[in-house]
Structure formats: C-alpha cells, structure tokens
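Multiple structures are listed underneath, in structure tokens.
Shared between the two complexes below is chain A, which has chain B as its partner in the first and chain C in the second.
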Partner chain A sequence: MGHTRSHFWFVSPAVILMFVILILPIFVAATFSFTDYNLGSTDFKWIGWKNYESLGKFSSYSKMFTASLTYVVIVVPVSVLLGLGSAMLISSLRFGGELYKAIFFLPVMATLLAMAYAWEFALDPVMGVINKVLDDGCSVGWFYKFFTGSWLGFNPTESWYGGICSDRMPNWLGNKKYALGSISFIGIWQAFGFNMVLYLAGLTSIPRDLYAAAEIDGANSTWEKFKLVTWPMLGPTHVFVVTITSIRSFQVFDTVEALTRGGPSKSTYMMVYAMYEKGVKQNLIGMGSTLTIVFLGFVLVLTMTQVYFINRKVHYS
Partner chain B sequence: MQVKIALAVIFAASVALSSSVAYAVTIEVGYPYSSLFDVTIKDTIVPMFEKAHPGIKVKLRATYDNYEDAANTILRESVAGKLPDVTFQGLNRQSMFVEKGIAKSFEPFIAKEANFAKDGYHKAMLDLGTFNGQVYGLPFSVSLPVGNYNMDALNKAGIKDFPTTWDEVIVACDKLRAVGYDNPLFWGWNITGNWFFQALMWSQGEPILKNGKVNFDGPAGLNALKTMKKLFRGCRMQNLAAGDAGKPFNAAKVAMFFWSTSAVGAIERAKGDFVYKTSEFPGMGRPPMGLPAGGNSVMLVSTGSNAEIDAAWKFVKFCTSGEGAAVVARTTGYMPPNKAANEMLGDFYKDNPNKHTAVRQAGLLREWIAYPGDNSLAITQVIYDGLESIVTGDSDDMEALQQELSEEVASMLP
Partner chain C sequence: MAEIQLKGISKSFDDNKVIKSLDLSIANGEFITVLGPSGCGKSTLLRIIAGLESQSSGDVIIDGREVNNVRASERDLAMVFQSYALYPHLSVQQNLMVPLKLRRLSRLERFPLLNWFLPKRSSKMIELNEKVLQAAETLQITHLMERKPGQLSGGQQQRVAVGRAMVREPVAFLMDEPLSNLDAALRVHMRAEISELHRKLKTTFVYVTHDQAEALTMSDRMAVMMDGEILQHDTPSEIYNNPVNLQVAEFIGSPKINVLPAESDSKGGITCMGLPISLSMKTPKQGSIMLGFRPEHTELLSSNSNNCFEGKITYKENLGSDIYLHVNLKEDQHKMIVRSEPDKALDAKIGDMVKIGWMVDKVMAFERNGQSLPTKSKS
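Up next is the complex of A and B:
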C-alpha cells in the first residue's frame, strides 16, 4: 500500500477547529493584554506590562485574589466532603437511595442563575423568608434557647443569634461580614450534588471482597474499613472531583453577577466577574484580557499542582 | 430533488412575503429599561408614530438593561457595523459617542425645520446634548431626585412636615425607629453615574468635575461625603441592592426613600396599602442650589440611506417635541422633555401630585456630568466603591476617603 497523505485530511478538521476556537482566542487575548485597547476606539497603544503592574498597584485587584481564593478554599473542601459523605450514606441505604439522589442532584440540574434569583428573594434582609424565620424565632422559647446556645449554659445575649434578635436581622448579601459566606453557601449547595454522583460512581467500583479481606485482617470498625479500603480506593475519583470542583469554583460568576456584583466593598469580587466588569461592562478590553490571561495561568497552575500531588498517592487498580 | 424544490419554494415565499409589506422605509430603534419604557415607547409612541407616518415602519431592537449596557451595546454594534438608526442613551453617556464619531449632529435637520423651537427644551438638558456648539442629543425624559414618603409611617411617628434638610431627615429616622421601623431610610447612593453624589455637590452649587478636572477635592466634596456618613450612620441605613431598593419601600418596610422621580409611576403601581406622597429633595442646611438632571436623550446613529435618516429624524422629532413627549409624563414618573408637552397634558399634574414634585424642582436642573475619556465607566465604579465603603462602614475617615478618591479619579482622567 502506498503512502498517502489522507491522515492529514482526517485530522485537519480537529486541528483547525482547535486552533480557531481555542488557541487563537487565547493568543488574541494575550496580545490585547499588552495594549490599552478600548472598545469602539479606532486605534490602541502598546503599553507593555502596565496592565499587569496595575494588578499589584490597585487594592481592588488584591481584594479580587483574596475573594477568589477564599471562595475556593471554602467551597472545595466542604462540597467534596459533603459529596463523599452523602454518597456513602446513600449507598448504605437499602431503599430510598434513588429519592435522595434525585433531591441532592436537583440544584445541579437547575440553572444557577435562576436559582440565584430565588436565593435573592430568600436572603433579602428586609423581606426574605430566612430573616422572617429568624426574626419570628426570637420570640419562640425553644428556638431562641437552641440557637443562642443558652441550653448549653451560654449567655444568650452574647451569642450571635441573641445579638441579631435584640438588634436587626443580618443583611446576608449587603454586609461585608456575610456576603462571601452567603455566596459560598450557594456555591456549596449547588456543587455537592454533582460531587455526590461522582462519588457514588466511584463507590460502586470498589470490589466487595476487599472489605471482606480487611475484616479478616482485623479491620472491624467502620472507620478502619473506610480508612483502609474506601478512601484509598477512591483515589482516582478524588483527583477528578477536587480538580473539577476547584476549576468550577474559580469560574464562579452567575451568583456574583446576580446577587452582589462584586460588592460590598469588593468582598465578592471574583476573577471571572472582574474580567467581565473590566472587559465587557467598562469596555477596557486591554485590562479584561490581562485578567483573562492571569486567570488562565491560575487555573493551569492549580490544576497541575493538584494533579501532581494527588497522583503520587493514588492507587489505580 | 424534492427537498430542493421544497427549499426553493420556501425561499421564494419568504422573499415574496418580506417584500410584499408596503413600507417605504424601516428604521431600527433601541431603548433602555424595558420595565420603565415598554409602556411608553413600544406600546404607545411607536403605534402613534406609525399611524401618523404610514410610510415608515419602526423596528425595535432588544432593550438595553440600563444606561451602561446601552452605551456598550452601541459601541459593540459600531465595531461590528450593525448600528441601529436611533438610540436612546443616558444623558451622561452622550459625549462618548460624539468623541468616537458615532453620533450624527442634529444641526442640519434642525436648520431645515421651519419652526423647530430649541427654546421648548430645558436648557440644562439641551446643553447636555450639545457638543462644540452642535446638538447631538435631544432630551427624551428628564428626572430629578425626590423624596418618597410612607405617610402612614410618618403619622405614626408623629412627623408633621416633610424634612427639608438632611439633619431633619436624621431626626425623622430616630422618631421612626422609636415606633418600630428598623429601616427608616434608603438613600439612592447607588444610582447609576454617581447621581446622588452629584446631587449633593450640585446642592452646594458645585459640579463634580470642573474643566475636566476633579472638583470634589475641596470643601464641597468633603461636605458631601460627611453628609452621607452622617445620614447613613444616623439612620442606620442598610446596604440594599440597587434593583431592590424600591421593593422594601413598596412593602412598607422602609419609610423614607430618596430616589429618582422616574420610579414614581412604578411605585404607585406596586406599592402596598399605605398613603404615598413625594416631596422636594432635602438640602444641606438650606434648600438645594441645583440638582443633576437624570434621564435619557435620543441620538441619531444611523449609517443607512438618506431616506432612512430622514425617517429617523421624523421619529426623533416625534419623540422629543411632539405628542410623544406628553406620553413620557403620562406613563412614567419622568418629566416631559419639552414645554410644548405641558399644553397637551392639561390637568394631569393636578390629578397626579406625586409626579408634580419634580416639575416644581425643574428650576434646579443642572448637568449630569460624565467623566471624559476611555475610563469613563471605570471612574464611575471607583466612586461607587468609595461611596459603598461609607454605607458598609469600612470608611470612617471622610478626609482620607476624599483624598483617596480624588487621587485615583485624577489619575484616570485624560
């Protein structure tokens, strides 16, 4: 058989598409990040590293890094552990598991943006259902005792709940103390169902006889079985779940745009939102591109380290 | 083969259908804030206009979310070569389109009109759309800040008269809090374009920028920031989100709501069961010396044929000085752009006293100043963040905040 060039024809659509829709835009963004291009302007100037320097110069960008990293540090471990916990509980059920799976998976299927608006109603400081419940609970004896911790002997007026009862209900999205927490909570609420499904799949692939073998070797308690069999056998799942959740947390945008727009005082000013604000809302394409490149770098570094560190401890079967 | 014939038939039919409509010209129009202006433009002005000009068809584009989105959409459409013929833009965003050469001057059209009275327009509004002595934007809707009051709450707190200074507002807050209103006040610091900061500056007769340079670095700026701090702390105002600020007032949770008169129509439609009144915007120790004009104007950005541009001009004229202008007052809380509309309105303001408050303040109309240059929108955000830090309690030292804002804004101005 003669040597033909047909293989080039077979791969070319994929290569061309990859270049046009993935590589080229990154290259364009990287180029723009060294300019002061402004949407609608007819020309632009090359300004070197000035855009990158302003990342260190203005406090709003350091707040951006703080907000993004804090969000990732809160959402990733909590949603991964919640996902694992709920997956193990569900897989140990004899019946009813399907129902729980469906319930916990609902937030994943719902559009986050639409859900964000639902949360906005619930979290409204003056009219929201959450503050209404908390407010009414102040005058219900057992509720008040439980949440102030006075049943444990604490002074009720010094506790957080006692404080808001005697003063005003918290402003979940407008107060710097709570805003990032509220956004993180919604992030966890949305993400853990997905992690649960991944872990359920991981759990079914663990051979039953490993548990039997562990029992013969003297691992009788549930904790020991978990530590010796379940956790290490889930290695590949951990890598995947942690990486995916981290990247998705870095990408958080919907809730920020819908609920806080980066405020109050930039406490929820996430990277993707900053990209959008600079590049789309304020037309500063140069600065938006700079943030895009930095964001890409962040995600890349994060993913590589994670894969490197976790891979070393993973037992692939 | 059959598929091809079917396609050809569909294609021919669609061509025939689209060309069978007998309009001589179609113009495309974009406007912001569908919740405010759908009823004004889409439901009322456009049908009226098409009836008056049977040869012209008005095609509406998707509405812009707000003035920033309106500006950005036009910039993008200009880059992509897909501009509409007419666009409604926030008063403080017009200069950008003139600088970038997107907007067309109205002067040649005005010169051709036999009796086109520039005099009918509020001068401050017309000034805003005038660049280098030429009119580029004609005002469509004018707004001013007003005070919205829940009279049931005020009566309960024993407040007889509307407050006329911010100190009186703070006293009113204390009285309202004493009768159970945990959130007595919301003050629209977050309105687009730093509008309320400009309101406090103009209250003292000072613009926010003078000759393109920062003008809030003096005593007037400090006074404005200190007034805000006093007001927010004295009334324990919460940081309610921008879109939401009207809702707690409508739900009778907030008793005094300082906002744009543009919302009066929406509040009257949505409010709960309480007596609602508006009154003049309070001043800083004395009645305000001026207030920034809010609202939007119509600009011609057409790149089409002469026939289209002529049709677009007819639409602009209809909206700003003809019957269209009276519709603005009837359907929104805005003031009409042109005094000619007042004659068509008759007893309207007698029947709608809440909408009359802004008209009584019309003598105070001053320019809603835009920040020049490419950083225009970014400067708005810097000042927004600064004001937010007063609301959230992050900033206590107003001298320091003033210095920080002045320096940062100065570095961003061209």
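Up next is the complex of A and C:
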C-alpha cells in the first residue's frame, strides 16, 4: 500500500461529499451565528456571543423555549403511550388488525400541511364541526350532563363545558389558552400511528416462550405479564420511539405555519418556526443560524442519551 | 409430587389432528420420557399438561384433581423450555426469584415503594433469598448470580432454567427438549445431572425429547409417540428388546434395525431368504412375515461358515469402539448393517465379500402390517 496514493483517490468522492453536504453547512451556520449577517447585504460584523445573549434577553425567545418544550412534554408521552396501547390491542386481535393498522397509519402517510388545513376547518370557532357539535350538545340533556360532570354531582355551570355553553364556544387556534393544546393534539394525532407501527414490530420480536414461562411462574394476570415480559422486552423500542418522537416534536413546523404562525402572542412560537421566521422571512441569517445551532444542541443531547441507554441499559446481552 | 393422568386427550389445530385420543398415566415420582420424531405432537402434549394449550377433548388429572379448567399458573407445575425462556433483563438471582415472588408475596407486597412499609415483607424476602441460594448451590451456579442470561454459556443458562423450575418445589417438572441446544459433550454431562437431580428431588419428571439416547438413559419408563399416538409405554429395556411393532423397532436403536422378508410355514418354522432361522412362532401360521436383526445382534463370520447371509461391503463406518459395515446381500436388493468388533473388521475393505451371522434369541419377527409376533428359539 505505502508507495501508491490511489487509495486516497478512491475514498475522496465519499469524503468530499460528506464534508460538503453534511459537515460544512453546520460549520457555516456556526460561523454565521457569531455575525449580524443579513441576506443580501454585502458585509457583516463579528458580534461575538451577542446573538446567543439575545436568546436570554428577549421574551419572545423564552416564550419559544417554553412553547417548544411544552409541546414536546405533551406530545411525546401521550403519543408514545397511545402507540404502545394501540399496538398491544392490535396485536391481540385475531382478525381485522391489518385494517386498524392502515387506519391509524393514515395520518402518518398524509401530508401534514394538507391535514393542517383540514384541521383548521374543523377547529374554526364559528363554522368548525367541533364547535358545532359542542354548541348543539349544550341543549342535549345527556351530552350536557356527561361533559359538565353533573352526573357525578358537580355543579354544571362551574364546569368548563358549562362555561362555554353559557358564554361562547372556544376559539381553538386564536385563543392563547387553547392554541398550544390544539397544536399538540394534532401533533399526537399525527405521531402515534408511527409509534404504533414501531411498537408492533417490537412486540412481534418478543419470544412466545417468555409469556409461557411467565404464566408457569405464576404471572396470572395480563398486568403481571406486561410488567414481567412485555415492558422490559420492549426496552430498545422504547428508547428508539421516545428519541424519534422527541426529535420530530422539536421539529414541528407545518402545523404552526399553517394554523397559528406562532401566535397568539407567541404561545405556539416553536423553535423551527422561529428559525424560519428569523432566517427566511426576515433574512436575519445571523440570528437564524444561532437558533439552528441551539436546535442542533437539543437534538444532539437527545441522541447522545439514546446511545447511552442503548449501550448500557436496554440491550440485554 | 404428583401423579398425572391423561384420559382420552385429543387436540386439533383447525383441521389438523395433532393428538388422537391418548391415554397416559404417570406415577408419583416417576421419570417418564415422551419420545418421538419432530412433529409427532409430543410438545403439544406437554403444553396440554402444563395448561398452556387446551385440549380439544379428554381430561388432565393431577393428583386425582381434574384440572381441565385450571390455568397454567394454578397447576403448580414447573417447566423447562428448549429455549430456556429466561428473562433477559433480570440477573440470574432475579430470574430465580421470579416464581417465588409471584407465588409467595401478596399483590401489595410486590407493589413498588409501598412494599417497604409492610412489616412481614422483609422476613419473607430473607426466606425467599435463602431458597434461591439453596437452589443455586445444588446447581453450582452461585458464582453467576449477578450476571444476566446473555452473559452465560448455553450450559449455564440451562442450569438457571432448571433452577428457576426447582426453587418453588413444584409437584412435577415438565421438560421440553431441554438439552437439544447444547453441544454433544455437554448434553451427555447434563443428562447425568438431570437424572441425579431427579433422584435427589424424587419429584415426577415428564421429559419430552426426540433423542433416543436421552430417553433410554434417563427414564424409568418411556412413551414412544408417533403421529399423535402413543405406540408403546414401557421401560427402556422392554421397548428396546420387545417393541410392539416395526415402527417402534425402527425408531429405537441406532443404527436402524435391519428388516428382511421371511416365510413362516404351518409348523411355525421360519426361513429368511432361503436360510432356515432356528426360530419358531408361538402360534404357527403359514405366510410371509418380516424379521428384524439389530446391527449389534449380527456378527461377521469366518469365510468357511455356512448357513449365514452373504454379501458385499459397500460402506464402512469406523467409530473407534465399533465398526459398522453396510452390506449388500447377495442376489438381492436388500441391505444390512452389521456391527463388528474393531479388530475383526479392520482388514475388511469396500467390495469384499463377507459372511454374516446372527444371535438367534435377539431376532424379532413382525407381521406384514408391522405387528410384533411372539417367537421362541428352537433349542
């Protein structure tokens, strides 16, 4: 090998492509994050850590972190547990499982942007089907009783549903109180089908003998078997599902762009939307780059945690 | 300890009848082997006894109690699986602890965190730890207690699986081909260990295998099972020496028994391929029958012998302690395998003509349909 250099020629296309496409952009972004560069302007100034300092200074950025983290904290556990639950229900079916899989997977396959517009119609405060149902429900006795909790002995007018019946129907996307919840709901609706498919794959890889052994050992309820076999045997799947869902939740953009544009009063101002707003809409490349680097940091931490867990905790060999 | 009775058990999967009306009774403390080729329904039978599978008809009776509707966890049986089925996320110690915890601790005592405040729990745990340690000592796995199953060799995993079955002192052990994932040397070793364990525990063992060496060496009695039926249920020596039919005779014994066509006359005398065999039938009947010669009951004779089979060697297997010669019998399509002492057959070469004799009191006679025929040797 030593006297020829041909091996460098063989690996160079791959190395150069990898560098140019994957690594260089990160360095460029990191460099821009220390400047005040605006797209179109001919020069820029080095401003050191100022962009990063402004993340702590302006309330819109602290609202951004709150919105993003809240979204992740709501969407990840709910969509993961829903995914696991539906996967377990579907895998216990004798027939019809394929149909349920297809139905729950539909939101994953559909374009989220298009689906977001469909949700916008449904959530419209005046014409939306959701408020229509809620509004009509106010005059239906059992419906009213059920949702106000008066069948449990609560005072109907003090309940949330009683309140909107006597006042007016909620503005799901325009009200600060509901907007992040609505966006999160759509996020869960979209993500859990994907988690379900991952869990279904995880469930089929559990050896049947383990359930038989658990039964023989005295695990006579479904809950005992779940605790002893299903949950721990899904260890690698849990880590993968949680990481993927977290990263995808941090990346949420389509629904915010289509439905709220970060509002009302920045309550749904997510990180990727902020990146887009600063870097693309306002041409503030310096600030956009800063957000990108911070975002990368979040994702990196998540991925590192996954690697740590996979190596240490959940691969049992 | 328990006696297990199966009455008229049958099992179908859809249209496929895996077990056809089967009766078996297993005495208290007995080591019984269910031996059969793969796909004969023996594992299904074991799972029916365990309660993991429900029979299509018939009764399972354990210690006089009909348990048809009792679920597996309530039957108090232990099972060792071919795959061992250890919980991979738990250490050896925790694996051994699982059946004890699930059976001896109440639901509340198993509840995380809350259980620290229950007064009786810690004394119970000490007692259970004691039991786990005892089982581990019996199986010599105390040095492995902190490891996970993935860090153990096949033989060690096997021991842990036996240990997990042993700790809670079940009324019977069910073993589903527990040795078939081990290498040959370890298999022979574990065979002895499991027999030893049976002598020590004096509990009923039901052992399913397709390996006749395991069945013959370990069991008090064995049940030969084929196509969902038990063909013969007896001691290993009885099954080897007096198989009820040709199927059993061909399945037990390695290499396989040689079967040659023969004629019987009205007086009960037997001739095989023109040679008079000094053997007669207890109930004389004229007709064509079949004779079985086990390779180990035949021998090479010197070239000047007469009244013997003659043939050409086609293949020679030297096992060190024995030599097996495959012989094509003269003027015929029939083949025969002959066992020989190494020094007698050392010079024999492929293509040589040899003469073959037989031990007359070991020859077995069968009807054309395979049923065994009682014979006596003419003296």
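Everything below uses one rule, namely that the second predicted complex is superposed on the first by the 297 of 317 C-alpha atoms of A that agree within 3 Å, B and C clash if a C-alpha of one lies under 4 Å from a C-alpha of the other, contacts with A are read in each partner's own complex, and residues count from 1 in each chain.
Here is the rule we use: a contact is a pair of C-beta atoms (placed from the backbone, for glycine too) under 8 Å apart; a residue touches a chain by one contact, two chains touch by 3 or more.
Owing to the predicted nature of the structure, the values given are computational and were not obtained by experimental measurement.
When the two complexes are overlaid on chain A, chain B and chain C sit side by side with no clash. Legend: residue contacts after superposition of the two complexes on their common chain; A:Leu228 is shown touching chain C, with no touch to chain B. When chain B and chain C are set side by side, the one touching more residues of chain A is B.
Contact with chain C, but none with chain B, is seen for A:Ala213 once the two complexes are overlaid on the shared chain. When the two complexes are overlaid on their common chain A, residue A:Asp43 makes contact with neither chain B nor chain C.
In the superposed pair of complexes, A:Gly263 makes contact with chain B only, with no contact to chain C.
The overlay of the two complexes leaves chain B and chain C separated by a minimum Cα distance of 44 Å. Listing the residues of chain B that touch chain A in their complex gives 68, 72, 75-76, 78-79, 96, 100, 102, 182-183, 236, 238-242, 244, 247-248, 251, 253-254, 374-375, 377-378, 381, 385, 388-389, 391-392, 394.
Those residues of chain C that touch chain A in the shared complex are 47, 50-52, 71-74, 77-79, 81-83, 85-89, 98-99, 102-103, 148-151, 164, 168. Interface residues of chain A, counted against chain C in their complex, comprise 207, 209-210, 212-220, 224, 228-229, 232-233, 235, 316-317. Partner chain B is touched in their complex by these residues of chain A: 36, 38-42, 60, 120, 124-127, 168, 171, 173-176, 259-261, 263-266, 277-278, 280-284.
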